[in-house]
Amino acid sequence: MSKAADSILKHLKVRRQKQRAILKMRCQCAKGGLEFEQLDTFYRAIRPYLCVAQLFGIMPVSNILSRDPQDVKFKVRSIGLGVTGIFLILGGLKTLMGANLLFNAGLNAKNMVGLVFLIVGIVNWLNFVGFARSWSQIMLPWSSLDILMLFPPYKRCKRSLRSRVNIVVLTVFCFAIGDHILYYASGYISYSMHIRQCQTNHSRITFGHYLEKEFSDIMVLLPCNMFSICYGFWLNGSFTVLWNFMDIFIVITSIGLSQRFQQFADRVLALEGRHVPDALWYDIRRDHIRLCELTSLVDDSMSSIVFVSCANNVYVICNQALAIFTKLRHPINYVYFWYSLIFLLARTGLVFMTGSRIHDASLLPLRSLYMVPNGDWTQEVQRFASQLTSEFVGLSGYRLYYLTRKSLFGILATLVTYELMLLQLDAKSHKDLRCA
Amino acid sequence: MSKAADSILKHLKVRRQKQRAILKMRCQCAKGGLEFEQLDTFYRAIRPYLCVAQLFGIMPVSNILSRDPQDVKFKVRSIGLGVTGIFLILGGLKTLMGANLLFNAGLNAKNMVGLVFLIVGIVNWLNFVGFARSWSQIMLPWSSLDILMLFPPYKRCKRSLRSRVNIVVLTVFCFAIGDHILYYASGYISYSMHIRQCQTNHSRITFGHYLEKEFSDIMVLLPCNMFSICYGFWLNGSFTVLWNFMDIFIVITSIGLSQRFQQFADRVLALEGRHVPDALWYDIRRDHIRLCELTSLVDDSMSSIVFVSCANNVYVICNQALAIFTKLRHPINYVYFWYSLIFLLARTGLVFMTGSRIHDASLLPLRSLYMVPNGDWTQEVQRFASQLTSEFVGLSGYRLYYLTRKSLFGILATLVTYELMLLQLDAKSHKDLRCA
Amino acid sequence: MSKAADSILKHLKVRRQKQRAILKMRCQCAKGGLEFEQLDTFYRAIRPYLCVAQLFGIMPVSNILSRDPQDVKFKVRSIGLGVTGIFLILGGLKTLMGANLLFNAGLNAKNMVGLVFLIVGIVNWLNFVGFARSWSQIMLPWSSLDILMLFPPYKRCKRSLRSRVNIVVLTVFCFAIGDHILYYASGYISYSMHIRQCQTNHSRITFGHYLEKEFSDIMVLLPCNMFSICYGFWLNGSFTVLWNFMDIFIVITSIGLSQRFQQFADRVLALEGRHVPDALWYDIRRDHIRLCELTSLVDDSMSSIVFVSCANNVYVICNQALAIFTKLRHPINYVYFWYSLIFLLARTGLVFMTGSRIHDASLLPLRSLYMVPNGDWTQEVQRFASQLTSEFVGLSGYRLYYLTRKSLFGILATLVTYELMLLQLDAKSHKDLRCA
Amino acid sequence: MSKAADSILKHLKVRRQKQRAILKMRCQCAKGGLEFEQLDTFYRAIRPYLCVAQLFGIMPVSNILSRDPQDVKFKVRSIGLGVTGIFLILGGLKTLMGANLLFNAGLNAKNMVGLVFLIVGIVNWLNFVGFARSWSQIMLPWSSLDILMLFPPYKRCKRSLRSRVNIVVLTVFCFAIGDHILYYASGYISYSMHIRQCQTNHSRITFGHYLEKEFSDIMVLLPCNMFSICYGFWLNGSFTVLWNFMDIFIVITSIGLSQRFQQFADRVLALEGRHVPDALWYDIRRDHIRLCELTSLVDDSMSSIVFVSCANNVYVICNQALAIFTKLRHPINYVYFWYSLIFLLARTGLVFMTGSRIHDASLLPLRSLYMVPNGDWTQEVQRFASQLTSEFVGLSGYRLYYLTRKSLFGILATLVTYELMLLQLDAKSHKDLRCA
């Protein structure tokens, strides 16, 4: 068998050299930005969103406008990092002032939410800086894998990666904008109703006065004018964008990875019923290892983002669930409350569902292997089969938990248990009130 | 070995062609509805219940009276879907009016139950419409598998599938009718006692007046007469039937699948102690793959039904458990409360236990494989053994959880923990009362 | 290889026939009760405790005094079942009267404990009747396996099964008697102190008067005299014996099974470093299958006992934990409370730890297999290795949970979480009192 | 194949004899303490900390100053055990007096913490005595393995084990000293503020008077002078050192083990792409078995320490979490509270993260095995691969739970759920206050 193996290895070596040559050529073509741009790579799909993110100081990599992933690197002296720095300073200032107000008034479960929102924002900017540093180490192997899998023997997917990403991101962003507008609307109407009931001077019921109160932490330092209101809007918006981008980024990455695993499974499926030489199986197994290595590389770098995203989402959901039985004053408050709760639940679900698809897709070739006829069931195939099941492939939060359906169910179950307790306490207090 | 494998494959091809021919013939016979009707297929077992379900707008497939599963298809323009539409409109109207009443009075943990019951009903009608759409894709492979497994080498089970299903369904329905009657009885006696105590005018203590109050949401739109009371009864009953049918449907499907896995295991067991050629093992393995594929096909289509069923059952159980230490007024209330709680627990347990039997039965052949003598332990057997353990086979709720004994235990444990908390709070409040 | 396998099978057949002959001979010897009695079988170890149990109507099998396990069978018309019947009637009467008292006074978390204790007792008598019915089906294969494993190539254990069982049972029973005495002592002192404080007539402070109150449910039907007090003691004691016996029975069975697995592992270990022919491996593997089959047979019959035992223990522990921060009146109450809580925890722990030893012992041979040199690593060894890890071996409660360390940890964790909640509520109420 | 295997075994035997000769020689060299001291063994790394621990009566092994691990044994008649005895007596006295005070005042959730702290201390001293008894049985195989892995073919790590351990231990100890100082500072300021507000006699506000109150349990027996205050400091400090040492000891052991697994994985990685004979794979597999055996030996002896450490840490964290929303009086109280909570969380996290690294490192060679070319994929490699995944390698608390990331996540999740409940109750009581 040793001879056969040698010949296979030689064969593979030749093939691999050919592939490298093709890759090199393609990359050179890509340098001109002409052909490469037409390929449906992950880089092409995520680039527009990275450009938008740059405006908010997220992911400060330089040369983001370039069409060649090799140009995009993290540089300490760059405009991107400067923008991030400004956001960190201004956001940090806002956070410190918020914290100061809170500690003076006394920290409690209710008012802590706002502060946590700000701190999570700051932590996220730093997390994305950290991710930007490892960006070039991730994007180069990813792009080369992308190029490899966009040509035969791999088939292209029906829907391009780009269009999939676009659909998901645009949907989420539309809902996020709705959420943000409802936030101001709900706040303004609460404010105006409050004034109307308590004060005789109704002249204060303008949107401007409401914003003055909303951005009171900023107005301490700045005079109250058009500029400072815009500044307040912009800073608030940036935090919200960051919060949404965090989840969207995980979703995009998951889609990018799971599509490749899907393509891989399709290739294995296409071999069903045909005689496959060992050398080809070895080739396939190599590609699988490369895919797994890429995934674990991405997982290592994204762990902090995944961890903070999930922890924050669960915290906010639980916090919202607190208020589920409190009576709200105005219909708009109800609308905002339920809209934002459902939006949040849907977004968290989306993160976990797309995340779990990586693992699900990585297991797909197993079924095809069952159908390999006995004569073709060589050691190579056996190794491939055992390799498929031996390791978990997917994104995780510091490997404390994985983005799987099971984890999502765990969160849901905890949430339901928690909500049940609230139900019970609510029923109890109703009974107490009736007794008293 | 390659030659041997080739010959095996040829042999198999011939066999398979024969099988196909037999199948085709049998199906043609079945067209006449004569012979096919006598076979103990899953379709024959479930058909009467589907017919009954049609009357309540559940599973709107057309040609349900036909004895040939190929005729039963989902059609947009059919009487079944029309009936479903009527139910959806009338049920939706009832739900909206209930919701309106509730939001005016203020939503709380206690009064939410009724609304959830109605919403779950509406969702279920839609779920069953969804399932009806994939009905023909499921029933065709299932029927062909049924036909395959009703002839040698597979042995028939001692008890026919039909009688098993009938026993389970009739038992559940009897208890469900008892539950429904007790509901009205408990309500009527509470009502009459309430009137007797509070009012001097005892003339209102009639069943008619009670129903008037019970169906007050309907009486808003309709005049109060015999017809509208019947209408109220009928709509209420439909929701209850739907609720029970959801669980029964899962139970029937589980029985149908687990019986086939049981037969499969029996066949493997029968080979114990005999020399089995590789070709036969391959044949067996193919059948196993077909069974697994059928199960995963059914699982994909039924996920939504399983998910809603379990979520709803757990919710209602927890909600009932809330009231376990509240003092009820009349003995009939106690009887209804405990009857419905135990009925619900038993039904939920039944769903999980029959569901878990699919997986348990799918693992049964493993024991027989241990006894295969060493000389017959070929690669084919090894692959079969590893195939048996590699994947989970069974029904699930969107793969968030599976219908297994372990899941049931998880639910029970959560319930017990929850009940313990109630115990504790109850003991506390008793102590408080004593102190005060 | 087929030839080799044939010769092995022949060889095995001969061996097996020899073994059967030996077994038959030994069993015939055993018929005289002479030699068999000297063997360290499980039957010999458990027999004295079964005899004692018969006096309390537990495990009503006939001919329990016989030294031959084949004589011991379940008979409907036997003295044992008659005794059980008397206990069921008297116990049922006590339970009904207790339930009647409770429902009149209003069921709550606190007073439910006594009733649950009685109901669990009744259920257990029925469970043991069920187990007695399958006793002979279990004991015959077990005894033949015992005989097989008490002769070479298996080595005897250093400590005999009988002495192990005796030590554990006697220890538990001593503590149980202490618990029972403390129960009366604590009750009597509470009673006498209560009388001393509230009433001037101190003549009622005698043990007799206390018992009159303690057995008030019996005194309703019987006149209060020496006989009825003895009757009360005896019935109360029987329930307590049953409750302890339930746990002890599981422990004895676990010890009996785990010792056999341990012996099996020792045999495999003794082969380390030696050349082992395939035929011997096959022999060993057969013995392993027999052991596993015996365990699953026992598990099927004992599931109900294991389930009720664990459920009841956890319930009582949680209930006791409720009272951990309530102030008790007298030191003897503290002593009794902590003694019984720790005794209960230790007993539950013992059940799980001995139960988990079956599984742990069943995995022991795996390590020896790692050391098998490469030349001897045949298919037979490989199958043995995969067989060892493929299935769970041990006792379970209807396979909803298994008696493992992990389950014990789950219970402990739930208990701790629950206790933490109590801690928190206790701290809160202290704070509230301070505020008020 | 049998011949080939024989020759391999012979080859291995020769090699092994060589290795033993080298080992023996090295050990003899080590006797002189010259060369051995220069080796980066685990013994060298932990020795200074064991010396320090001896001063506090922890790990009473004799001859700890010797450079040869063979000299270090547990002796009943030794100075170390005498010191431990003194600590046990003095600590036990303090504990008894504390318990006495507590039971008189009434045990509750709040004041129990101090007593638990003392009892855990006593239990730990006894645990370490137990561990010291098995010290020599652990250290001899460990040292021989260390010597084996410090020479080729194993590569040394970049950072020596000693420096790694030193960095971790010193960091933890610095924070621990900060914690201890803050404890006294927070206590003193609370005390002085309390006196200032309540009493007119401000002369009592000295550090001496504070200590008098702090060590009131000691002052009952001893006169209040410089000596008794020092004694109080020293005893308090000893308990704190013990508490920290417990965690640090687990961390050091984990680092020691995981570094060896890491080296092992590096060796396997270095073989990638080269032709590896079966004999070498066998050699590697033997080393892996030795490593696993060492780990399970250490785990058996350390289980009690791991169990008490984790149980205690979780208890204290949950207890601290109780007070998270209580208003504290002075800023120093806030500083101490948050400092000690975060320190505790970080320490617990450190224990679990270093503990989990053993398992993670033990799985590392698996990836290298995937890359073994098909020609070299022999049975030996296959066995190695299956061996890597078949068993859990790592430290555990009586195998009830393992030190893994998953367990840490479980703790975090429980903590968060618990904290959420507190959040909810806090929010509720705020609302209640607003209502009243």
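We call the chains A, B, C and D, going by the order they appear; numbering starts again at 1 in every chain.
Methods note: contacts are C-beta pairs under 8 Å (C-beta built on N, C-alpha and C of every residue); 3 or more make two chains touch, one makes a residue touch a chain.
Computed from a predicted model, the values in this text were never measured in an experiment.
Engineer: Suppose you list every residue number at the chain C-chain D interface; are over half of them used by both chains (same) or under half (different)?
Structural biologist: Both copies, chain C as well as chain D, present different residues to each other, with under half of the numbers appearing on both sides.
Engineer: Once chain A is fitted to chain D on CA atoms, what angle does the rotation have, in steps of 5 degrees?
Structural biologist: 90
Engineer: So how far apart, in whole Å, are chain A and chain B when each is placed at the average of its C-alpha atoms?
Structural biologist: One centre to the other, that is 37 Å.
Engineer: Distance between chain A and chain C based on Cα centroids, please, to the nearest Å.
Structural biologist: The computed centroid separation for chain A versus chain C comes out at 52 Å.
Engineer: What are the residue numbers in chain A that touch two or more other chains?
Structural biologist: 417, 421-422, in rising order.
Engineer: Just spell out which pairs of chains touch, all of them.
Structural biologist: So, checking each combination of chains, I get A-B, A-D, B-C, C-D as the touching pairs.
Engineer: Touching residues of chain B toward chain A in the complex: what are they?
Structural biologist: Contact set of chain B toward chain A: 1-2, 4-6, 8-9, 106-110, 278, 282, 285, 289, 314, 318-319, 322, 326, 379-380, 383, 386-387, 390-391, 398-401, 414, 418, 421-422, 425, 429.
Engineer: Can you list the residues on chain B that touch chain C in the complex?
Structural biologist: Touching chain C from chain B are residues 325, 327, 366, 370-371, 373-377, 385, 389, 405-406, 408-409, 412-413, 416-417, 420-424, 426-428, 430-431.
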